Amino acid sequence: QVKVQIAVANAQELLQRMTDKCFKKCIGKPGSSLDNSEQKCIAMCMDRYMDAWNTVSRAYNSRLQRERARI
Amino acid sequence: PQLQHFIEIESQKQRFQQLVHQMTEVCWEKCMDKPGPKLDSRTEVCFVNCVERFIDTSQFILNRLEQTQRSRGSFSETMSD
Amino acid sequence: QVKVQIAVANAQELLQRMTDKCFKKCIGKPGSSLDNSEQKCIAMCMDRYMDAWNTVSRAYNSRLQRERARI
Amino acid sequence: PQLQHFIEIESQKQRFQQLVHQMTEVCWEKCMDKPGPKLDSRTEVCFVNCVERFIDTSQFILNRLEQTQRSRGSFSETMSD
Amino acid sequence: PQLQHFIEIESQKQRFQQLVHQMTEVCWEKCMDKPGPKLDSRTEVCFVNCVERFIDTSQFILNRLEQTQRSRGSFSETMSD
Amino acid sequence: QVKVQIAVANAQELLQRMTDKCFKKCIGKPGSSLDNSEQKCIAMCMDRYMDAWNTVSRAYNSRLQRERARI
(Lines give C-alpha, C1' and ligand atoms only; values in the text may rest on other atoms or scores of the structure.)
Protein backbone atom coordinates (compact mmCIF):
# COMPACT_ATOMS: atom_id res chain seq x y z
CA GLN A 1 0.00 0.00 0.00
CA VAL A 2 2.75 2.42 0.98
CA LYS A 3 4.66 1.30 -2.10
CA VAL A 4 1.71 2.05 -4.34
CA GLN A 5 1.24 5.47 -2.74
CA ILE A 6 4.90 6.34 -3.30
CA ALA A 7 4.75 5.12 -6.92
CA VAL A 8 1.64 7.24 -7.51
CA ALA A 9 3.29 10.30 -5.93
CA ASN A 10 6.34 9.80 -8.14
CA ALA A 11 4.27 9.37 -11.28
CA GLN A 12 2.36 12.55 -10.42
CA GLU A 13 5.55 14.52 -9.84
CA LEU A 14 6.96 13.27 -13.15
CA LEU A 15 3.71 14.11 -14.94
CA GLN A 16 3.66 17.61 -13.49
CA ARG A 17 7.28 18.44 -14.33
CA MET A 18 6.89 16.95 -17.81
CA THR A 19 3.71 18.93 -18.53
CA ASP A 20 5.43 22.11 -17.38
CA LYS A 21 8.59 21.57 -19.47
CA CYS A 22 6.80 20.36 -22.63
CA PHE A 23 4.15 23.10 -22.47
CA LYS A 24 6.94 25.72 -22.25
CA LYS A 25 8.94 24.11 -25.08
CA CYS A 26 6.09 23.33 -27.50
CA ILE A 27 3.45 26.05 -27.08
CA GLY A 28 4.55 29.49 -28.30
CA LYS A 29 1.58 31.81 -28.08
CA PRO A 30 -1.36 29.64 -26.99
CA GLY A 31 -3.93 29.46 -29.83
CA SER A 32 -7.57 28.39 -30.00
CA SER A 33 -6.69 24.69 -30.14
CA LEU A 34 -3.77 22.30 -29.76
CA ASP A 35 -2.76 22.06 -33.42
CA ASN A 36 -1.13 19.09 -35.09
CA SER A 37 2.45 20.33 -34.94
CA GLU A 38 2.06 21.18 -31.26
CA GLN A 39 0.73 17.69 -30.54
CA LYS A 40 3.67 16.13 -32.37
CA CYS A 41 6.07 18.33 -30.44
CA ILE A 42 4.48 17.35 -27.11
CA ALA A 43 4.59 13.63 -28.01
CA MET A 44 8.30 13.85 -28.86
CA CYS A 45 9.02 16.01 -25.83
CA MET A 46 7.30 13.44 -23.58
CA ASP A 47 9.30 10.56 -25.02
CA ARG A 48 12.57 12.45 -24.65
CA TYR A 49 11.68 13.50 -21.10
CA MET A 50 11.02 9.84 -20.22
CA ASP A 51 14.34 8.89 -21.85
CA ALA A 52 16.05 11.61 -19.85
CA TRP A 53 14.42 10.44 -16.63
CA ASN A 54 15.47 6.85 -17.26
CA THR A 55 19.02 7.85 -18.25
CA VAL A 56 19.41 10.01 -15.15
CA SER A 57 17.99 7.25 -12.97
CA ARG A 58 20.42 4.66 -14.39
CA ALA A 59 23.43 7.01 -14.19
CA TYR A 60 22.68 7.92 -10.59
CA ASN A 61 22.18 4.28 -9.70
CA SER A 62 25.50 3.23 -11.22
CA ARG A 63 27.25 6.09 -9.42
CA LEU A 64 25.82 4.95 -6.09
CA GLN A 65 26.95 1.40 -6.81
CA ARG A 66 30.50 2.53 -7.66
CA GLU A 67 30.69 4.56 -4.45
CA ARG A 68 29.47 1.64 -2.35
CA ALA A 69 32.09 -0.62 -3.99
CA ARG A 70 34.82 1.90 -3.12
CA ILE A 71 34.09 1.66 0.61
CA PRO B 1 -19.93 11.05 6.53
CA GLN B 2 -20.78 14.76 6.61
CA LEU B 3 -17.34 15.64 7.91
CA GLN B 4 -15.77 13.36 5.33
CA HIS B 5 -17.78 15.03 2.58
CA PHE B 6 -16.70 18.46 3.87
CA ILE B 7 -13.02 17.43 3.87
CA GLU B 8 -13.33 16.04 0.35
CA ILE B 9 -14.90 19.23 -0.99
CA GLU B 10 -12.30 21.40 0.73
CA SER B 11 -9.36 19.39 -0.57
CA GLN B 12 -10.84 19.53 -4.07
CA LYS B 13 -11.00 23.31 -3.77
CA GLN B 14 -7.42 23.27 -2.51
CA ARG B 15 -6.23 21.36 -5.61
CA PHE B 16 -8.23 23.75 -7.79
CA GLN B 17 -6.59 26.80 -6.20
CA GLN B 18 -3.14 25.24 -6.40
CA LEU B 19 -3.52 24.68 -10.13
CA VAL B 20 -4.85 28.25 -10.54
CA HIS B 21 -1.66 29.57 -8.87
CA GLN B 22 0.50 27.37 -11.08
CA MET B 23 -1.27 28.25 -14.34
CA THR B 24 -1.32 31.96 -13.48
CA GLU B 25 2.46 31.83 -13.20
CA VAL B 26 3.01 29.83 -16.42
CA CYS B 27 0.56 31.97 -18.43
CA TRP B 28 1.96 35.20 -16.94
CA GLU B 29 5.29 34.31 -18.57
CA LYS B 30 3.62 33.40 -21.90
CA CYS B 31 1.10 36.26 -22.16
CA MET B 32 2.25 39.31 -20.18
CA ASP B 33 5.02 41.37 -21.77
CA LYS B 34 4.76 44.61 -19.82
CA PRO B 35 1.93 45.16 -17.32
CA GLY B 36 -0.14 48.10 -18.66
CA PRO B 37 -2.86 50.27 -17.08
CA LYS B 38 -5.53 47.76 -18.16
CA LEU B 39 -5.76 44.08 -19.10
CA ASP B 40 -6.29 44.52 -22.85
CA SER B 41 -8.54 42.02 -24.61
CA ARG B 42 -5.70 40.41 -26.57
CA THR B 43 -3.87 39.56 -23.37
CA GLU B 44 -7.08 38.29 -21.79
CA VAL B 45 -7.70 35.97 -24.77
CA CYS B 46 -4.11 34.78 -24.43
CA PHE B 47 -4.71 33.88 -20.77
CA VAL B 48 -7.93 31.99 -21.56
CA ASN B 49 -6.26 30.08 -24.42
CA CYS B 50 -3.24 29.43 -22.22
CA VAL B 51 -5.43 27.76 -19.57
CA GLU B 52 -7.26 25.68 -22.21
CA ARG B 53 -4.03 24.59 -23.92
CA PHE B 54 -2.32 23.83 -20.61
CA ILE B 55 -5.16 21.49 -19.63
CA ASP B 56 -5.17 19.99 -23.15
CA THR B 57 -1.43 19.36 -22.84
CA SER B 58 -1.85 17.78 -19.43
CA GLN B 59 -4.66 15.49 -20.69
CA PHE B 60 -2.79 14.65 -23.90
CA ILE B 61 0.24 13.59 -21.87
CA LEU B 62 -1.84 11.61 -19.38
CA ASN B 63 -3.73 9.73 -22.14
CA ARG B 64 -0.59 8.98 -24.09
CA LEU B 65 1.20 7.82 -20.94
CA GLU B 66 -1.62 5.41 -20.15
CA GLN B 67 -1.58 3.99 -23.67
CA THR B 68 2.18 3.48 -23.55
CA GLN B 69 1.93 1.79 -20.16
CA ARG B 70 -0.73 -0.59 -21.36
CA SER B 71 1.37 -1.72 -24.32
CA ARG B 72 4.78 -1.76 -22.64
CA GLY B 73 4.33 -1.73 -18.89
CA SER B 74 7.98 -0.79 -18.50
CA PHE B 75 7.61 2.55 -16.76
CA SER B 76 5.73 1.36 -13.69
CA GLU B 77 8.48 -1.16 -13.04
CA THR B 78 11.12 1.56 -13.25
CA MET B 79 9.13 3.71 -10.83
CA SER B 80 8.55 1.06 -8.17
CA ASP B 81 12.04 -0.45 -8.14
CA GLN C 1 -12.23 27.63 10.72
CA VAL C 2 -10.72 25.25 8.17
CA LYS C 3 -12.21 27.43 5.42
CA VAL C 4 -10.58 30.53 6.88
CA GLN C 5 -7.24 28.76 7.17
CA ILE C 6 -7.40 27.67 3.54
CA ALA C 7 -8.38 31.16 2.38
CA VAL C 8 -5.46 32.64 4.36
CA ALA C 9 -3.05 30.08 2.90
CA ASN C 10 -4.26 30.90 -0.62
CA ALA C 11 -3.97 34.64 -0.07
CA GLN C 12 -0.43 34.14 1.26
CA GLU C 13 0.55 32.02 -1.71
CA LEU C 14 -0.89 34.64 -4.11
CA LEU C 15 0.90 37.42 -2.24
CA GLN C 16 4.20 35.58 -2.36
CA ARG C 17 4.05 34.75 -6.05
CA MET C 18 2.88 38.27 -6.90
CA THR C 19 5.69 39.89 -4.88
CA ASP C 20 8.22 37.67 -6.60
CA LYS C 21 6.93 38.35 -10.15
CA CYS C 22 6.43 42.12 -9.67
CA PHE C 23 9.77 42.60 -7.92
CA LYS C 24 11.51 40.86 -10.83
CA LYS C 25 9.54 42.84 -13.44
CA CYS C 26 9.70 46.32 -11.84
CA ILE C 27 13.01 46.55 -9.96
CA GLY C 28 16.07 46.68 -12.24
CA LYS C 29 19.10 47.31 -10.07
CA PRO C 30 17.75 47.86 -6.53
CA GLY C 31 18.42 51.49 -5.47
CA SER C 32 18.40 53.29 -2.13
CA SER C 33 14.60 53.64 -2.11
CA LEU C 34 11.50 52.49 -3.96
CA ASP C 35 11.18 55.43 -6.36
CA ASN C 36 7.97 56.76 -7.85
CA SER C 37 8.15 54.97 -11.20
CA GLU C 38 8.91 51.67 -9.44
CA GLN C 39 5.88 52.12 -7.18
CA LYS C 40 3.66 52.85 -10.18
CA CYS C 41 5.02 49.77 -11.96
CA ILE C 42 4.36 47.58 -8.91
CA ALA C 43 0.81 48.92 -8.54
CA MET C 44 0.04 48.16 -12.22
CA CYS C 45 1.78 44.80 -12.03
CA MET C 46 -0.32 43.87 -8.96
CA ASP C 47 -3.58 44.81 -10.66
CA ARG C 48 -2.67 42.86 -13.78
CA TYR C 49 -1.59 39.86 -11.72
CA MET C 50 -4.95 39.92 -9.94
CA ASP C 51 -6.70 40.19 -13.32
CA ALA C 52 -4.65 37.27 -14.57
CA TRP C 53 -5.47 35.21 -11.47
CA ASN C 54 -9.18 35.92 -11.85
CA THR C 55 -9.15 35.22 -15.60
CA VAL C 56 -7.32 31.93 -15.10
CA SER C 57 -9.68 30.97 -12.29
CA ARG C 58 -12.77 31.67 -14.42
CA ALA C 59 -11.35 29.91 -17.51
CA TYR C 60 -10.42 26.84 -15.50
CA ASN C 61 -13.83 26.79 -13.85
CA SER C 62 -15.70 26.98 -17.16
CA ARG C 63 -13.50 24.21 -18.57
CA LEU C 64 -14.35 21.97 -15.62
CA GLN C 65 -18.05 22.71 -16.10
CA ARG C 66 -17.89 21.87 -19.82
CA GLU C 67 -16.14 18.57 -19.07
CA ARG C 68 -18.69 17.62 -16.43
CA ALA C 69 -21.49 18.39 -18.90
CA ARG C 70 -19.87 16.10 -21.47
CA ILE C 71 -20.07 13.09 -19.18
CA PRO D 1 3.50 27.87 28.37
CA GLN D 2 7.29 27.62 28.27
CA LEU D 3 7.16 24.93 25.60
CA GLN D 4 4.63 27.00 23.67
CA HIS D 5 6.91 30.04 23.87
CA PHE D 6 9.84 27.92 22.69
CA ILE D 7 7.84 26.59 19.70
CA GLU D 8 6.72 30.10 18.78
CA ILE D 9 10.27 31.47 18.85
CA GLU D 10 11.56 28.54 16.81
CA SER D 11 8.89 28.82 14.13
CA GLN D 12 9.57 32.57 13.90
CA LYS D 13 13.23 31.77 13.32
CA GLN D 14 12.17 29.22 10.75
CA ARG D 15 10.15 31.82 8.80
CA PHE D 16 13.08 34.24 9.08
CA GLN D 17 15.48 31.66 7.64
CA GLN D 18 13.06 30.69 4.89
CA LEU D 19 12.81 34.31 3.74
CA VAL D 20 16.59 34.64 3.92
CA HIS D 21 16.93 31.65 1.57
CA GLN D 22 14.33 33.11 -0.79
CA MET D 23 15.81 36.64 -0.85
CA THR D 24 19.35 35.29 -1.25
CA GLU D 25 18.19 33.54 -4.42
CA VAL D 26 16.26 36.53 -5.82
CA CYS D 27 19.07 38.99 -5.04
CA TRP D 28 21.73 36.59 -6.35
CA GLU D 29 20.03 36.83 -9.77
CA LYS D 30 19.77 40.64 -9.54
CA CYS D 31 23.21 41.46 -8.09
CA MET D 32 25.74 38.71 -8.94
CA ASP D 33 27.04 38.69 -12.51
CA LYS D 34 30.14 36.56 -12.16
CA PRO D 35 31.33 35.37 -8.73
CA GLY D 36 34.76 36.96 -8.17
CA PRO D 37 37.50 36.26 -5.60
CA LYS D 38 35.89 38.72 -3.15
CA LEU D 39 32.45 40.24 -2.54
CA ASP D 40 33.20 43.75 -3.81
CA SER D 41 31.49 46.66 -2.04
CA ARG D 42 29.27 47.53 -5.01
CA THR D 43 27.79 44.04 -5.02
CA GLU D 44 27.38 44.11 -1.24
CA VAL D 45 25.47 47.42 -1.46
CA CYS D 46 23.33 45.86 -4.18
CA PHE D 47 22.45 42.94 -1.88
CA VAL D 48 21.55 45.25 1.03
CA ASN D 49 19.40 47.45 -1.25
CA CYS D 50 17.84 44.36 -2.77
CA VAL D 51 16.70 43.11 0.65
CA GLU D 52 15.33 46.55 1.58
CA ARG D 53 13.48 46.98 -1.72
CA PHE D 54 12.13 43.42 -1.62
CA ILE D 55 10.62 44.06 1.80
CA ASP D 56 9.36 47.49 0.63
CA THR D 57 7.70 45.79 -2.35
CA SER D 58 6.14 43.15 -0.15
CA GLN D 59 4.78 45.78 2.27
CA PHE D 60 3.61 48.04 -0.57
CA ILE D 61 1.66 45.16 -2.10
CA LEU D 62 0.22 44.09 1.25
CA ASN D 63 -0.94 47.62 2.13
CA ARG D 64 -2.44 48.22 -1.30
CA LEU D 65 -4.19 44.85 -1.23
CA GLU D 66 -5.74 45.66 2.15
CA GLN D 67 -6.97 49.04 0.90
CA THR D 68 -8.49 47.48 -2.21
CA GLN D 69 -10.21 44.79 -0.16
CA ARG D 70 -11.69 47.32 2.21
CA SER D 71 -13.23 49.31 -0.64
CA ARG D 72 -14.31 46.43 -2.86
CA GLY D 73 -14.33 43.22 -0.84
CA SER D 74 -14.43 41.26 -4.06
CA PHE D 75 -11.22 39.33 -3.78
CA SER D 76 -11.93 37.51 -0.52
CA GLU D 77 -15.15 36.20 -2.07
CA THR D 78 -13.27 34.89 -5.07
CA MET D 79 -10.77 33.19 -2.80
CA SER D 80 -13.27 31.46 -0.54
CA ASP D 81 -15.65 30.24 -3.21
CA PRO E 1 12.44 -3.94 13.39
CA GLN E 2 11.11 -5.31 10.11
CA LEU E 3 8.67 -2.43 9.75
CA GLN E 4 11.42 0.04 10.63
CA HIS E 5 13.67 -1.51 8.03
CA PHE E 6 10.87 -1.29 5.47
CA ILE E 7 10.28 2.41 6.25
CA GLU E 8 13.99 3.16 6.01
CA ILE E 9 14.30 1.46 2.62
CA GLU E 10 11.20 3.23 1.31
CA SER E 11 12.32 6.69 2.44
CA GLN E 12 15.74 6.05 0.89
CA LYS E 13 13.99 5.22 -2.39
CA GLN E 14 11.94 8.38 -1.95
CA ARG E 15 15.09 10.54 -1.61
CA PHE E 16 16.58 8.75 -4.60
CA GLN E 17 13.51 9.48 -6.74
CA GLN E 18 13.37 13.09 -5.59
CA LEU E 19 16.97 13.67 -6.67
CA VAL E 20 16.24 11.92 -9.99
CA HIS E 21 13.39 14.40 -10.61
CA GLN E 22 15.62 17.35 -9.69
CA MET E 23 18.59 16.25 -11.80
CA THR E 24 16.35 15.40 -14.77
CA GLU E 25 15.13 18.99 -14.71
CA VAL E 26 18.60 20.57 -14.32
CA CYS E 27 20.16 18.33 -16.99
CA TRP E 28 17.17 18.81 -19.33
CA GLU E 29 18.03 22.53 -19.39
CA LYS E 30 21.75 21.83 -19.94
CA CYS E 31 21.53 19.01 -22.49
CA MET E 32 18.24 19.20 -24.44
CA ASP E 33 18.02 21.89 -27.10
CA LYS E 34 15.11 20.67 -29.18
CA PRO E 35 13.48 17.29 -28.47
CA GLY E 36 14.00 15.14 -31.59
CA PRO E 37 12.50 11.83 -32.72
CA LYS E 38 15.20 9.89 -30.80
CA LEU E 39 17.57 10.49 -27.88
CA ASP E 40 20.82 10.78 -29.88
CA SER E 41 23.98 9.41 -28.28
CA ARG E 42 25.58 12.84 -27.82
CA THR E 43 22.62 14.00 -25.75
CA GLU E 44 22.63 10.75 -23.78
CA VAL E 45 26.33 11.20 -22.94
CA CYS E 46 25.53 14.76 -21.90
CA PHE E 47 22.86 13.51 -19.47
CA VAL E 48 25.20 10.89 -17.97
CA ASN E 49 28.00 13.46 -17.56
CA CYS E 50 25.54 15.95 -16.16
CA VAL E 51 24.49 13.52 -13.41
CA GLU E 52 28.13 12.68 -12.60
CA ARG E 53 29.19 16.37 -12.51
CA PHE E 54 26.14 17.36 -10.47
CA ILE E 55 27.01 14.78 -7.81
CA ASP E 56 30.70 15.81 -8.00
CA THR E 57 29.66 19.43 -7.45
CA SER E 58 27.45 18.49 -4.54
CA GLN E 59 30.22 16.45 -2.90
CA PHE E 60 32.86 19.11 -3.62
CA ILE E 61 30.68 21.74 -1.92
CA LEU E 62 29.89 19.48 1.03
CA ASN E 63 33.55 18.59 1.62
CA ARG E 64 34.71 22.19 1.32
CA LEU E 65 31.93 23.36 3.64
CA GLU E 66 32.99 20.83 6.27
CA GLN E 67 36.64 21.90 6.02
CA THR E 68 35.71 25.57 6.38
CA GLN E 69 33.49 24.81 9.36
CA ARG E 70 36.23 22.89 11.11
CA SER E 71 38.70 25.76 10.77
CA ARG E 72 36.31 28.64 11.41
CA GLY E 73 33.13 27.34 13.02
CA SER E 74 31.39 30.58 12.15
CA PHE E 75 28.65 29.29 9.90
CA SER E 76 26.96 26.96 12.34
CA GLU E 77 26.68 29.86 14.79
CA THR E 78 25.01 32.02 12.16
CA MET E 79 22.60 29.23 11.30
CA SER E 80 21.53 28.41 14.85
CA ASP E 81 21.09 31.98 16.10
CA GLN F 1 17.10 18.55 19.67
CA VAL F 2 14.51 20.58 17.80
CA LYS F 3 17.10 23.34 17.42
CA VAL F 4 19.57 20.90 15.93
CA GLN F 5 16.94 19.55 13.52
CA ILE F 6 16.09 23.06 12.36
CA ALA F 7 19.77 23.95 11.94
CA VAL F 8 20.30 20.77 9.90
CA ALA F 9 17.24 21.50 7.73
CA ASN F 10 18.53 25.03 7.09
CA ALA F 11 22.01 23.84 6.24
CA GLN F 12 20.52 21.28 3.83
CA GLU F 13 18.36 23.91 2.17
CA LEU F 14 21.36 26.24 1.79
CA LEU F 15 23.46 23.38 0.42
CA GLN F 16 20.80 22.45 -2.11
CA ARG F 17 20.22 25.99 -3.38
CA MET F 18 23.95 26.66 -3.52
CA THR F 19 24.66 23.45 -5.45
CA ASP F 20 21.91 24.34 -7.91
CA LYS F 21 23.09 27.95 -8.47
CA CYS F 22 26.81 27.14 -8.67
CA PHE F 23 26.30 24.12 -10.94
CA LYS F 24 24.29 26.32 -13.32
CA LYS F 25 26.86 29.15 -13.18
CA CYS F 26 30.07 27.10 -13.40
CA ILE F 27 29.32 24.03 -15.55
CA GLY F 28 28.69 24.84 -19.23
CA LYS F 29 28.39 21.55 -21.08
CA PRO F 30 29.11 18.81 -18.51
CA GLY F 31 32.35 17.02 -19.47
CA SER F 32 33.93 13.73 -18.39
CA SER F 33 35.32 15.20 -15.16
CA LEU F 34 35.14 18.30 -12.99
CA ASP F 35 38.16 20.14 -14.41
CA ASN F 36 40.37 22.56 -12.54
CA SER F 37 38.76 25.77 -13.76
CA GLU F 38 35.31 24.42 -12.91
CA GLN F 39 36.46 23.53 -9.38
CA LYS F 40 37.89 27.03 -8.90
CA CYS F 41 34.66 28.56 -10.16
CA ILE F 42 32.59 26.41 -7.77
CA ALA F 43 34.82 27.31 -4.82
CA MET F 44 34.47 31.04 -5.56
CA CYS F 45 30.75 30.70 -6.22
CA MET F 46 30.29 28.94 -2.87
CA ASP F 47 32.16 31.62 -0.97
CA ARG F 48 30.20 34.39 -2.68
CA TYR F 49 26.91 32.56 -2.05
CA MET F 50 27.81 32.30 1.64
CA ASP F 51 28.71 36.01 1.65
CA ALA F 52 25.39 36.78 -0.02
CA TRP F 53 23.50 34.64 2.49
CA ASN F 54 25.21 36.36 5.42
CA THR F 55 24.71 39.85 3.94
CA VAL F 56 21.02 39.18 3.29
CA SER F 57 20.61 37.74 6.78
CA ARG F 58 22.23 40.81 8.39
CA ALA F 59 20.29 43.30 6.23
CA TYR F 60 16.98 41.59 6.98
CA ASN F 61 17.79 41.49 10.68
CA SER F 62 18.64 45.19 10.83
CA ARG F 63 15.45 46.02 8.94
CA LEU F 64 13.38 44.04 11.46
CA GLN F 65 15.13 45.86 14.32
CA ARG F 66 14.45 49.28 12.76
CA GLU F 67 10.76 48.40 12.30
CA ARG F 68 10.43 47.20 15.88
CA ALA F 69 12.03 50.45 17.10
CA ARG F 70 9.50 52.49 15.09
CA ILE F 71 6.54 50.95 16.91
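Order of writing sets the chain letters: A, B, C, D, E and F. Residues in each chain are counted from 1.
Following the convention adopted for this analysis, contacts are C-beta pairs under 8 Å (C-beta built on N, C-alpha and C of every residue); 3 or more make two chains touch, one makes a residue touch a chain.
This one's a predicted model, so the numbers in the text were calculated from it and none came from an experiment.
Student: Which is the least count of steps on a path of touching chains running from subunit A to subunit D?
Tutor: Minimum number of steps from subunit A to subunit D: 3.
Student: Given the touch definition stated above, what is the smallest step count connecting subunit B to subunit D?
Tutor: So the least number of steps between the two chains is 2.
Student: Mind listing the chains that sit against subunit C and also against subunit E?
Tutor: none
Student: To test your reading of the model: what rotation angle superimposes subunit B on subunit E by C-alpha positions, in degrees to the nearest 5?
Tutor: C-alpha superposition angle, subunit B on subunit E: 120 degrees.
Student: As a quick test, compute the distance in whole Å between the mean CA positions of subunit E and subunit F.
Tutor: Averaging C-alpha atoms per chain gives centres 16 Å apart.
Student: Could you give the separation in Å between the centres of subunit A and subunit C, each centre being the mean of its C-alpha atoms?
Tutor: Chain centroid spacing, subunit A to subunit C, equals 28 Å.
Student: Where the CA atoms of subunit B average out and where those of subunit F average out, how many Å apart are those spots?
Tutor: Here the centre of subunit F sits 32 Å away from the centre of subunit B.
Student: Would you please write down the residue numbers of subunit A that are in contact with two or more other chains?
Tutor: In subunit A, residues 3, 6, 10, 14, 22, 57 touch at least two other chains, as defined above.
Student: Hunt down the residues of subunit B that sit against at least two other chains at once, touch-wise.
Tutor: 17, 27, 31, 50, 52, 79
Student: With chains as vertices and touches as edges, which is it: line, ring, star, complete or other?
Tutor: Graph shape here is a ring: one loop, exactly two partners per chain.
Student: So that subunit D leads and subunit F is second, what is the order of every chain round the ring?
Tutor: Once subunit D is placed first and subunit F next, the ring gives D, F, E, A, B, C.
Student: So in the complex, which bits of subunit A are touching subunit B?
Tutor: Residues 3, 6-7, 10-11, 14-15, 18-20, 22-24, 26-27, 29-34, 38-39, 42-43, 46, 50, 54, 57 of subunit A touch subunit B in their complex.
Student: Please name which positions on subunit D make contact with subunit C in the complex.
Tutor: 26-27, 29-31, 46, 49-50, 52-54, 56-58, 60-62, 64-65, 75-76, 78-80
Student: Would you mind writing out the residues of subunit E in touch with subunit A in their complex?
Tutor: 6, 10, 13-14, 16-17, 19-21, 23-25, 27-28, 31-32, 34-37, 39, 44, 47-48, 50-52, 55
Student: Given the complex with subunit E, which residues does subunit A contribute to the contact?
Tutor: Residues of subunit A touching subunit E: 2-3, 6, 10, 13-14, 17, 21-22, 25, 41, 44-45, 47-49, 51-53, 55-57, 59-60, 63.
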